[in-house]
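Chain nomenclature is as follows: A, B and C, assigned in order of appearance, with residue numbering initiated at 1 for each chain independently.
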Amino acid sequence: MPALDLVANVVVSGILTGLVYGLMALGLSVIFGVVRVVNFAHGEMMTIAMYAATVLFAALKLDPFLAMLPVAAAFFVFGYALQAGLINPFITRPEHSQFMLLVAVAIILVNAMLMLFGPDARNVQVDYQLDSYELGPVLVDKARLFAAIAALVAAAGLFAFFRYTLTGKAIRACADNYLGARVVGLNVKHLYSLTFGLGAACVAIAGCAMVLLVDVTPPLGPSYTLLAFVIVIVGGLGSMAGALLGGVLIGVSEALAGLFIAPSAKSMFSFGLLIIVLLLRPQGLLGKRA
Amino acid sequence: MSLLEVRSVSKHFRGLRAVNNASFRIAEGEINALIGPNGAGKTTIFNMIAGVYAPDAGEILFAGRPIHGLRPDQVCAAGIGRTFQIVKPFAGLSVLDNVMVGALLRSRNAADARRLARGIVDRLGLGPKRELPASSLTLPDRKRLEVARALATRPKLLLLDEVMAGLRPTECDQMVALFRELNRADGTTILLIEHVMRAVMALARHIGVLHHGEVIARGTPEQVVRDPAVLECYLGEETEV
Amino acid sequence: MNRRSIALAVLGAILIALPFMVGNYALSVATLILYFAYTGQAWNVMMGFAGQLSLGHALYVGVGAYAAGALFFYYGIGPWAGLWLAIALCVALGLVIGFLAFRFGISGVYFALLTIAFAEFTRIGFDHFGWTGGPGGMFLRVAQRDTWDLANFRGPPLMYYYAMLALTAGAFALCAWLLRSRAGYYWQAIREDEEAARALGINAFRWKLLAVAISAAMTAVAGVFFAFYYNNLFPEQIFHISRSIEIILGPVIGGVGTLFGPLLGAAVLTLLSDGITEALAAFGLDIPGVKQVFYGLVLLGVVMFLPHGIWPAIARRLRL
């Protein structure tokens, strides 16, 4: 039985990482919740963001936190274009058709990354990566803490956008009722594209944060896609708080599973959790029943 | 002997009383109708008979056997066929194949099923269109297909949910003639939900009137259209039939 | 219908005569195409017939392979007996997944995610399962590759080719028969409109489970073939989601729910991708990932422009 402060450290680390996961999942939840598109390429987008951060760091010595702005902007545009150009024309097609579309995009993205960057791991080395704050027995990594804070700020921003702005409310209207929204004159296709752009921007910020914590390789793409889905389903579809909560839960449970069982078994736990949640409470912890 | 007996059946959906203590009986070989304003609970009763929902209270007996709580496929196997208010054809299949799906319930062998289906398709006037995909049919033909499919399961009781909706008067008359024929020749018992009074008056031997989930009147057509409660809630004072 | 029978006979004749027309490398490519046509057809039973999207079919290949492989590895039991264990295990797994999914009303995308989760769970599980070699893999000994030893399924590439051909032809015949049977009609009805199907006396739950069981059983056989063809099994590879995606590419591109779709899709994909790899190699380029990007692009193109797959479009042109 590992010592209590080791467990505490692992839990805190899990919470912080979980918040970054949560931001990634938030992007997916927003996309899934509004546009009803299963973004099977979500993890690949996350991985691309991580690579973008490494490239910007290598070329311009740009700190990932600063890189968040340009990368998020670029991803917003990319997400908007993807939805507008590729997915919007498919809204009326059956569900598995849309799914396949994004599976195709995911395959292209992950292998394009393989082609461009090769299979070796890349990462970012900043000065403060090895620093940590001491909170009693717990050692909190500086980088991890900042990453978590960035995730929270981004999530809060998104939440405020949906709550307080007109566009945000319009998007929520579309999510609730596609036909109704069109009837009252909302340009639903534009709003969908906007939503996808926002979701992509979330992923971008999460990716830039994550690259400080983890080395990036192309196969991370599919792993993150699945992880995002696990989180969104566990936390609850359509619930932003649920995505963050789910992220933290998964972060902590992964960390604990890594400690008590074996590091490589962490994902097994997540998948087991996904299966259980899908069966017992498909609306997730904070979601609403469809 | 009543073929179908609905006894004090109630159903509520999260606080909304859809059906409240409704009772009626259908004699074998008769055509009966269930009328009432929208939201009165007619389709809910149908769905309870058909096994889509279980009643919260009460019983439903078919040929003396309790069927409330059975699954839709079990209800069909017991001898009740139904159509849907919004038609549900198997769009990708041909007309004949659609009906075959129904026929395969009783005729396990595909060849026998095809023969049965063919007969029904011809009888319902869809013969020339039997190889066409169901998605290419007009609304009246889709309604006919819906009936044909249900008939292929050789039901003792046929539940028709607003089958006249959207049909022109001539098309409606054709359907009426069809049902009359089915009832006369095969002895199929029919229960209709209808708003089109023309059809109800032409077909029904007995009518039940629902309002706010309760049966407010029962009787022959002549009795029901004179019932003041019915006139007030549904037919309107000026109704002439 | 007659044009189709003639075309089918011609195709059959070509496939049977193929080994005498091409060399060993081409034969191995052909075997691979048939393998994907077969697994695609097996997957098709679940998707095309019962309408359930499975993105975790590699689970059955892997379990089938490991089951037969372990029996051979530890007890020297040949593939023909191992086949039964493989099928039994996979059917049981499929029934569990199907039961859980259908009982709890999980369909569409959620079902797909469920299948992915099961496959991933198993992949990681096998990585930690020492008895089957863990991540290091399991290696089946190959006595010889010269003479046809059907009992142990060892022999020259020719034998494997004909075995795969027989399996694919068998799958084709099975699916053709199923489509025309009561099961076929019921599955199509369920796929088109489950509620309407139920109103016609169809116990959708049971029939969907049947499709899952048949699909799993067929895929298990592919797993056994895989084990004795490649002779080394690694959890990371055999259960990986890429394998599951490879399985669906053939039928999705060729045409879901059709008989010829999986074969056509597998052929188009494998031949074109091999062609590209060769072409690139000729230019001295050997970049990992190119083949898969190509797969992705073809899939994208098909989903966008030929949503019913290539086969229906071709069949219409050739009036088959």
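Here is the rule we go by: a contact is a pair of C-beta atoms (placed from the backbone, for glycine too) under 8 Å apart; a residue touches a chain by one contact, two chains touch by 3 or more.
Source: prediction; values computed, not measured.
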item: Chain whose Cα centroid lies at the greatest distance from that of chain B; value: A
item: Centre-most chain, if every chain is reduced to its averaged C-alpha atoms; value: C
item: Whole-Å separation of chain centres (CA-atom averages), chain A against chain C; value: 32
item: Between chain B and chain A, distance of the C-alpha-averaged centres to the nearest whole Å; value: 50
item: Whole-Å gap separating chain B and chain C, where each centre is the average of the chain's CA atoms; value: 44
item: For chain C, residues contacting two or more additional chains; value: none
item: Contacting residues of chain C [partner chain B, same complex]; value: 180-182, 185-186, 188-189, 192-193, 195-204
item: Chain B residues touching chain C - in the complex, by the definition given at the top; value: 50, 52, 71-73, 76-77, 81-82, 84, 88-93, 97, 100-102, 104-105, 108, 110, 113, 149-150, 152-153
item: Interfacial residue positions of chain A with respect to chain C in the complex; value: 38, 86, 90, 93, 95-97, 99-101, 103-115, 118-119, 218, 222, 226, 229-230, 233, 262, 264-265, 267-268, 271-272, 274-275, 278-280, 282
item: Residues on chain C engaged by chain A in the complex (per definition of touch); value: 53, 55, 100, 104, 106, 108-110, 112-114, 116-118, 120-121, 124-125, 127-128, 241, 245, 252, 287-290, 292-293, 295-297, 299-300, 303-304, 307
